[in-house]
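Look at the two complexes coming up: chain A is in both, with chain B in one and chain C in the other.
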Partner chain A sequence: MTPLKLVVSGPVGAGKTTFIRSISQTEVVSTEEVSSEEIGKTHTTVALDFGQIDLGEHLLHIFGTPGQTRFDYMWDILSEGALGLIMLVPCDAPDEFPQARRILEYVVSRHPVEFIIGLTRTDLSANGWDVSDVAAYFGLPEHQVLAVDPQDAASARRAIHHLLQRI
Partner chain B sequence: MSKQEQLQHQLDELTRALPGIKGSFLCTLDGMPVCQSVTDPNIDSARVAAMAATALGVGRRITDTLSTGALRGIKLLAGEGRVFIYMIGGKACLALVVPADMAIGLIELEVSDVVSRLTDIL
Partner chain C sequence: MAIYGSLNEFSLRDILTVIGGKSGVLTLDQQDGQILRLHIAESGVTRMSLERPVQARSEAIMLLRIFNQERSTFRFEAGDVDVPRQSFLRLSEVIESRPDTTIDERDLPHPKTLFLLIKARQVALPPDLDEFLGAAESMLATGASAERIARELGIAVNQARHHLQRLRQVKKVWPMQAHVDQLDHHQRQQRRSLGQRIASFFAR
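Moving on to the complex of A and B:
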C-alpha cells in the first residue's frame, strides 16, 4: 500500500505540531528547539514533524513544516510528492495572514497540491476573523476554508477528510 | 570586550588559523545568525544558520532514536567542499564551510579549542 502524503503548513503559532500530535497513530517525530525570538511560545519546529494515520484503504503520512521564511527550503522539500496541503491560519493573528499567503504561493507554485485552509484558535478569540472573512482574504470559495481545533483529534480528522474529498 | 566582540574574535581567529576556510557561523539552535566570519561573499549567513538548525534538529532526532548519546556535531562531505556543524553548549552551534582538500586533522584541532572557548563565552 503506497502511503498518501499530506503536508501541514502555516505561520508560527498556527498549531501545526499540535495538529499532527493530535491525529497521528504513531509516535510523532518532531524537531523542536528553544525559540530565541519572542513568538508567543517557548519552542519552534526547525525541520519537520512526521506522523501517520491508517485509514484502512489508505495509509497517510503527515508532514508538518516550520513556519518561518528562513526555513522555506523545508516547505519545498516536504511538499515534494504531496497530494494535499492543510494550511493552518490563526484567526486571531491577521498580521500572520501575509505569511500564510507567502507559504501557500511558495508551495502551490512549485507543487501541484490540493489544499484547504484550516482556521485555528477560533475558540480562543471572540473577535478573530471568521471563515467567510478568511476565504475572501485568500480569494477562495468558503468550502475551501474550515475551522479546526488542532488540539481536538476529531476536529483535526475532519480537516483531513475535508481535504481528502478534494483529492 | 562585549560578549558579541568576544565571540566575533574567536571566529576571526579561526579564519586566520585555517587559510582557505570559506566561513564560520555561530547560530542559535532555532536557526538565527549570531555572528560570522566569512571569506566567500556568495555564502548567505542567514541561510547557513537556518540550515544548520534543520540539520542538527534532524540529527538529534536520529541520535535520540538510536540511543547514541548527546549529538556533538554533523559532517557533510561533498565533491568540492565540506560542512561541519558543532553543538556549542545547549543553545547554539558553529558551522564551518571549508574546501574539500583542507586537512581534517587541522580543522579538528582548531575547532575543539574554539568550541570550548565559545561555550565558555556563551
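Moving on to the complex of A and C:
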C-alpha cells in the first residue's frame, strides 16, 4: 500500500496540531516542547506532527510543520512528494499573514503541491478578517480559501475534500 | 468585518491591494497619537485628513510614505463615503508605482522562493533593474530563486531579493506554482485521477 502525503502548515497558533488530532485515525505523534520564545502559548511543535488515515486503497499520512521560522528547514523535508498542502491561517491574527504567505510561496514554488488556505478561528472571533479579504491578501481566488474549525473533524474533512477536488 | 493589523507587518501596498474597490475609511494610527484618515471610494482616495484636511497630492503622497515607515496600526471600516467628481489620489498610483529603488523589507521573499518570468508582460524598467533582468532572464524563464541568481551573478542574496521584489511589484515575475509550472499533462492527469478517487472518502 503506497502511502500518500498531505501537509498542514501555517504560522504559530493556527491550529495545525489540533487539525491533525481531529482527523487522524491513529494516535498523533507530536513533537511539542515548552516554548522558549514568547509566542502566545506554552507548547509548540518543534519538528512535526504526524497522523494517518486508512483510505483502503492507500494510507494517507498527514504531516504538520512547525510554525516558527527557525524550523523552516522542515518545510522542505515534509513537503517533498506531498499531494497537497493546507495552509492554516488564524483570521484574527493578521500579523501572522505575512509569515503564512512567505511559507506558502516558499513551499508551492519548490514542490508541486496543490494547496488551499484554511481560515481558522472564524467561529471564535467576530473581529477577524473574512475569506474574501484574506484571499485578496494572498492573491488567490476566493474559492481557494475556506473557513475551517480544526477542532471539528467534519470541518477538517471538508477542507481535505475541498483540497483533493482541486488536484 | 474590518481589515486591520500593524504596519510593522504589512506594507501599505498590500493593504491597498486588499481594500481594492471597496468604499470606506482607512485609519492609520501612529503610536504618538497622530491619526491619518483616508476616505476611499471607487479605487481612489476621495479625502485625506491629519487633524486638518490634506489637499495637495504631493503632501498626501509624502504622508503615506511617512506613515508607511512608522510603527502604526491600520484599520479599514467599510461603508459609504462621499464620492466627489474626481478622486484626488488613485490607489493604483500607490500600488503600481514605478519600481523605484525603495523597497519594503516586510515584502522581501524568502531567499529560496522560486520566481518565474512573465514573458508577455511588457513594462519599462529603471536601468539597474533592466540590467538585472537581462542577466537573470534565462534563469527566471524556468524558475529561479534569489539565492541561485545571487550565486550565478556574483551578487549579494539580499540584492537579488530586492530586485525580484521590484520586478514582482510590476508583475514582471511572480512566485512559481510548481504543480502548475513543473508537472506535465500526464502527471497532472494522474494526480487528478488519484485526487478524485480519494476525495470521495472525505465526502462521506
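Here, the second predicted complex is superposed on the first by the 164 of 167 C-alpha atoms of A that agree within 3 Å, B and C clash if a C-alpha of one lies under 4 Å from a C-alpha of the other, contacts with A are read in each partner's own complex, and residues count from 1 in each chain.
Quick note on the criterion: a residue touches a chain if its C-beta (ideal position, glycine included) is under 8 Å from a C-beta of that chain, and two chains touch if they have at least 3 such contacts.
Just so it is clear, the model here is predicted, and its values are computed rather than measured.
Taken together in the superposed arrangement on chain A, chain B and chain C fit without clashing. By the document's definition of touching, of the two partners only chain B reaches A:T31; chain C does not.
Using the contact criterion defined above for the overlaid structures, shared-chain residue A:K5 touches neither chain B nor chain C, since it reaches no partner. Angle at chain A (Cα centre) between the Cα centres of chain B and chain C in the superposed arrangement: 100°, in steps of 10.
With both structures placed on the common chain, the touch criterion links A:F71 to chain B but leaves chain C unconnected. After superposition on the shared chain, chain A has more residues touched by C, the comparison being chain B against chain C. With chain A used as the common frame, the shortest Cα distance separating chain B from chain C works out to 15 Å.
By the touch rule above, chain B contacts chain A in their complex via residues 28-32, 46-47, 49-51, 53-58, 60-61, 91. Here chain A touches chain C in the complex through residues 4, 53, 55-58, 60, 72, 83-84, 94-95, 97-98, 102, 105-106, 108-114, 126-130, 133, 136-137, 157-158, 160-161, 164-167, going by the rule given at the top. Against chain A, in their complex, chain C makes its touches with residues 1-6, 8-10, 14, 17-18, 20, 106, 109-110, 112-115, 143, 145, 175-179, 182-183, 187, 191-192, 194-199, 201-203. By the touch criterion stated above, chain A contacts chain B in their complex at residues 29-37, 44-48, 66, 68, 70-71, 73-74.
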